[in-house]
Amino acid sequence: MTLAMNKALMNTFLASVFQEVSNEFHVEDVCEGKVTLRLLVNEKHLRPGGTVSGPAMFSLADVTAYMLTLAHIGPRALAVTTNCSIDFMRKPSSGVDLIAFGRLLKIGKTLSVCDVFIHSEGCEKVVARASLTYSIPPTGVELTN
Amino acid sequence: MTLAMNKALMNTFLASVFQEVSNEFHVEDVCEGKVTLRLLVNEKHLRPGGTVSGPAMFSLADVTAYMLTLAHIGPRALAVTTNCSIDFMRKPSSGVDLIAFGRLLKIGKTLSVCDVFIHSEGCEKVVARASLTYSIPPTGVELTN
Amino acid sequence: MTLAMNKALMNTFLASVFQEVSNEFHVEDVCEGKVTLRLLVNEKHLRPGGTVSGPAMFSLADVTAYMLTLAHIGPRALAVTTNCSIDFMRKPSSGVDLIAFGRLLKIGKTLSVCDVFIHSEGCEKVVARASLTYSIPPTGVELTN
Amino acid sequence: MTLAMNKALMNTFLASVFQEVSNEFHVEDVCEGKVTLRLLVNEKHLRPGGTVSGPAMFSLADVTAYMLTLAHIGPRALAVTTNCSIDFMRKPSSGVDLIAFGRLLKIGKTLSVCDVFIHSEGCEKVVARASLTYSIPPTGVELTN
């Protein structure tokens, strides 16, 4: 399966579709079946105690699985998450970005299944692990703006 | 089991601990084993297509389970989510708030388990359903700021 | 939405499709959007310590969601589970059957989503809670034996 | 972290604790943080259509995470599953055993978190993926039979 988008296109797409968060997420690397994203951690991602919040990690996992799916099917913005199971295992290190590794486990006509492992940059221990299912819209049903 | 916090205390706690999002969440109702929260939907919660984003719904589910746990054990801010499984079932209605109903399924010394159902205000169909496990810190380990 | 199968048909279907376990599961009640099943607990369901095993509870949750889906779409045996998230919360009581309450949260053309609460008979505390997604085969793709 | 049990001890433990299923599961390999188990597929694992049933795959994932946890903490039979999220992605091949690869993502004093990938023997595509949380009993609380 060849990629439908390369890294530059994926970052352009992220910036156009998620304007308000485009400075938070960056596609670092993509190849067949795999993607790496960075969450540029800022104040608004933090929780009491100074750690990155659960919702910020969920967002990172969700965007990672979304971009990984689109890398293989092309920029169909309306793909939607149908299920996510996420385990939070350790506190992220403070003051560093989070790195997410996404892996495509299945891609069919109507569903994709990915898993995502999140680490603090520079530390190999897993901070969070998620599996996500995305529903893929039929071809032709797309954004018009 | 009696409640450790009433609705007014819960909203005060929310405002002090989550200053940046305290105008987004509001505890509507609480009783033994149950809580109702409102997400005051604004522009930043929206995704392409005008629907409330998955991460915004995850945040609502997470804050609901957190506040429900604290309602029963008191304001221990350091309780942390260890697991969440969430199903996204329908698009939320546009232009209305989301309402979350949380139910405490178990509360032990070290873990609580809740489920949360999310609806668009004024519509009884379930938009999302989540189950969450919270790890409860030992008494005495608390925020000091 | 009317039911496609009543209780008697559902038990006949269970007995014909799952011959080896048909004496373990019994549909107790069914109405629109809801079903109640019984697991007739026997020796082979038990784990060290005398409690019903996790796999036996998973089976009960899975059969409950399957029968609930089929009650609404008719006896399409090839419906398959795509995802299950299950929380085990308490030890079941020994020496009594398990009762599962299933609720249909969504049924579409290709997917159904259910949740299932499992109790020991005669005790209202939840022993396990599961949510399951079933993939529904297109009409006409069915068992021929 | 050194292993508390080697492969031979793990198979002996399996045979003693799960007498009724000890001829179904076999520990193939174990090292720090990883384990491989085999499900010797037989008639009773099959579903309509000839494929291995979801509950049989759940059992395999559950026993894999259990044995992986015990490999690191020693034979404490009373460790219990508190949560499992499982995705079923493809039909297993017929007529061959299933192989499960378990990986320990976290092991603490009270919880372990594992993920498990299941394949049909001789085929690298993932049939099912699960993540499981085990609750670890305090030292000294053990089986006495």
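Per-chain residue numbering starts at 1, and chain names A, B, C and D are given in the order in which the chains are listed.
We take it that a contact is a pair of C-beta atoms (placed from the backbone, for glycine too) under 8 Å apart; a residue touches a chain by one contact, two chains touch by 3 or more.
Computed from a predicted structure; not experimentally measured.
Interface chain C/chain D: over half of the residue numbers present appear on both copies, so the contact uses mostly the same residues.
Seen from the Cα centre of chain D, the chain whose own Cα centre is farthest off is B.
Centre to centre, using the average C-alpha position, chain A and chain D are separated by 29 Å. Work out the mean CA point of chain A and of chain B, and you get 23 Å between them.
Centroids built from CA atoms put chain C at 34 Å from chain A.
Under the contact definition stated at the top, the residues of chain B that touch 2 or more other chains are 82-83, 85, 87, 89, 133.
Taken together, the chain C residues at the contact with chain D in this complex read 17-18, 20, 43-44, 48-49, 54-55, 58-59, 62, 77-78, 80-89, 143. Residues 85, 87, 89-90, 105-106, 113, 115, 126, 129, 131, 133 of chain A are the ones touching chain D in the complex. Against chain D, the residues of chain B that register as touching in their complex are 82-83, 85, 110-111, 133.
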